[in-house]
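Chain IDs A, B, C and D follow the sequence of writing; residue 1 opens each chain.
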């Protein structure tokens, strides 16, 4: 599996009682594939992955594997607090039909670069699926240094990097340092920077906002790959404006709940999923806030 | 169970292959009880709790319950990434004989105070054991505000607080705000501040360093409770000097690995446990670093 | 000058046009001296020192020197961005009659411990007045490590430390490390911890809240010095409740503007100063917020 | 003055006694103009601006105004702790011949967005020169939010933004929000992202590394402006490798001293300036570290 293009981190639709809403999930997958995406990433942040029980994860992965039917690769996040459980998630992902796993450095405790190396080496040894490293310091709260990522890439412990760090200058250092490794891919998680990512030499993007507008992101990627940066930038700037849907929560939600609930709310307004319900203990948008999400969708012409 | 006094967060001794070392664990528990401690807290940070598998947790808890034989209360940490697993840990802790559970606010995602309230209310509803809240922002990386803690205490969702935040002024706010709740206890996790904690009105302390010197901490607590703050301060300052054992790691370990490995190294030098091995991926002290731990033990007269 | 006791960081009263209000300043100094304070610290954070022009600083220092008339020592903050100006402030403080200067590590750029040492050594060489080091990481945003402070104390470059860091465990490390230096004093800046500071062996406190309630802080200090910790704690807890006046700003002010404006508002309600006006660009409390400050004053019996 | 292109933040050459080295400064200016830069920015971070005395600033600005002789615009940083001094720097910059001033939000205290607005509005009112806002959270340590910047741009209080924040997604938000303001320019301070900045629609860049390699940055800018992103990226990646000169300090310097001293060291090795001396209290590279800077220069073909 060599990853490229737009690989949305799939939201996990819940029904009003908080259970996995399989019908909505099926429609969401269809919405993505119709939009022209190149892969799907389950159990990422947008997918509220760390909050899902093993049973919930299995329901989602089974359904997505069946819906996708081999058309695009499926990545499964394996973030967890305990190293043994990260490995268990990887085994389960293989069994249920994923193509690769995505892992963050260990969190809760603040690990050193040496300990992060040790974690990924052991995971590479134990995982039955290729490992993509995931750098998201806003959640992991530990630096995952370019030199550490280069070492893991060079050893073959990881086949790629999803970089959601805000510091693209550091990402660029990684790109330059791994330029001689033809099979190693770097992808961005930043919704606002997909055209730029292609220009910098990245293989693609994993933008949460693509749940809402997969076709727009496929367009940005295709235009940039074709060298039409003006067209790519135009659509990208529309997506910058669309990102206002993540900033509508003002009634006690965490930023993250507001952001991901913003995606889900947009998907309900577009008729793709049934409910914007978040996994406990995350809270969703109020009715008034949801209306502002609708206003943003209208401003960019999606509604 | 109304907690008071010195309740060490027990280290988890491992053998040289990384498995739970039950013999060392038994000696460590005896070392604590001989030192006069008033409870034991398993699976805290010092116990590398978040890194332990379910099987490892069960081995430890069974052994400690048997060794303690009801002489002091046993608290079990239930920190985990997934809310469903926090509840599962609580059920298992009850089954295996713990007296209370200790839970941090949800981590990885940065939750709002509203979401933290929701998390603890649900945990209180689901847990078969009383819940002690644990404020340790250095790991959880989310503020757990005095007003939130007061609300949970007032609702009876939590029976106490272990506060390992550095900001004792905030702790004092909590003490003043909950002064009318006779059954709610506040304990400090700060090794250097046990005498002060008693003076401020806290019920006790959960100091990692008490693994090494339980009798010293029992002395500080007893002297302070008796109003002999001069004696308490004298022994407390000896413990401030002993804390230098957490600062001897300089060969690529995380601070936390260096600190907890410092405790384990001291316990091996005192003949209590066999090995200073840390749970993967945390790394332990080098031989040269362990020698400096020995030097600190000698300086304060423990060796 | 050997510092001890309660040394309030004096607020800088402004009139409604933003100029130094000398009459209010005179009454504020009298309020402090009547309250039994042991010194005055000008141009600290509470005094909005870094925002004052040279001319404003001179007006304040001249007036306070004249009002105090040698009854207690006067410390002058010399915080500034440019090292040459820190030295110039020290020269001017000497000329205008201060007894010591108070300096933070260099800020804006993030300096290393080596560079902080170099800064204080040069300041000690150039300053005509003794230098008190001021650790306030919330503003300086650089760690000022116990080992660095110990080195400066041992060299005689600094005669004392005002520690406003929240981490009292680190302060305690400094106290223990400098216990053999009889002329070196450590004072806390934490309003909520004055009794504790005395118990830990500190020489006194520099609490902003003492502007409002100097007599209460003098009482806490005297009771704790006399070993009557129960009495000290009782009055200290009253001050913990009074600190709610720093948390009443909810209309766009910075936390710091809300806090210091809270002090000034309380002083206007007590009839000590004329206006709660803050130095530009800091904003003051709204009328509704000021009413809540009044409510807090009434709750603790000051109004 | 409408800014565009490459505007290096000029280093401030010092001689071995720490005084401004006017001869080196003259050669450095010539090196920049020969390299094809479009402006010069004095007293930025790279220029150690906040550490310079008024006299030192005047020497530098006079010399640069004379050397440049009107060929490119000159911007003068006016960062200082006290608002009155920021205004005084602006007056002095005008008098000595600068074309615009560059100001950061107030620092030391952590100001709110409302207070930042107030600061810039007052500066705009008082400054005899147009004001460029400078967002550099690594030093200012306060968020300067896109909405705040948009407001100031829309009011005409600022004519441009130099954005050195790492978060280019936020910069992009600013670009989109101010796209209808034809006279407002956004420039990046990120050395590694100049091609990307042009692609995103920025007017240019203010890269510290351009001190060392002005011609390379002029090439990147020109190629990107011409739509030749492949050529721009190629030279940009060479500059990413050259940035390793900022990471060679390992003997107690702050990161910033190591970085800026890396620039100065490279300039001495290229024969442009005499000494890599830094302004006190910043420390410079050791001889061994300077050799590694030389090795990097050789790797990218500059030596």
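The rule is simple: a residue touches a chain if its C-beta (ideal position, glycine included) is under 8 Å from a C-beta of that chain, and two chains touch if they have at least 3 such contacts.
All of these numbers come straight from a predicted model, not from anything done at the bench.
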Fraction-based call for subunit D against subunit A, same above half, different below: same
Identity of the chain that, by mean CA position, is farthest from subunit D: B
Interchain centroid distance [CA atoms averaged], subunit B/subunit D, Å: 48
Separation of subunit B from subunit C, taking each centre as the mean of its C-alpha atoms, in whole Å: 35
Touching two or more other chains - residue numbers and ranges from subunit C: none
Chain contact topology (line, ring, star, complete or other): ring
Residues of subunit C that touch subunit B when the two form their complex: 166-169, 172-173, 175-176, 179, 190-193, 195-196, 199-201, 227, 229, 233, 237, 240-241, 243
Complex contact set, residues of subunit B against subunit A: 45, 50-53, 79-85, 106-116, 118-119, 122, 138-141, 252-257, 280-283
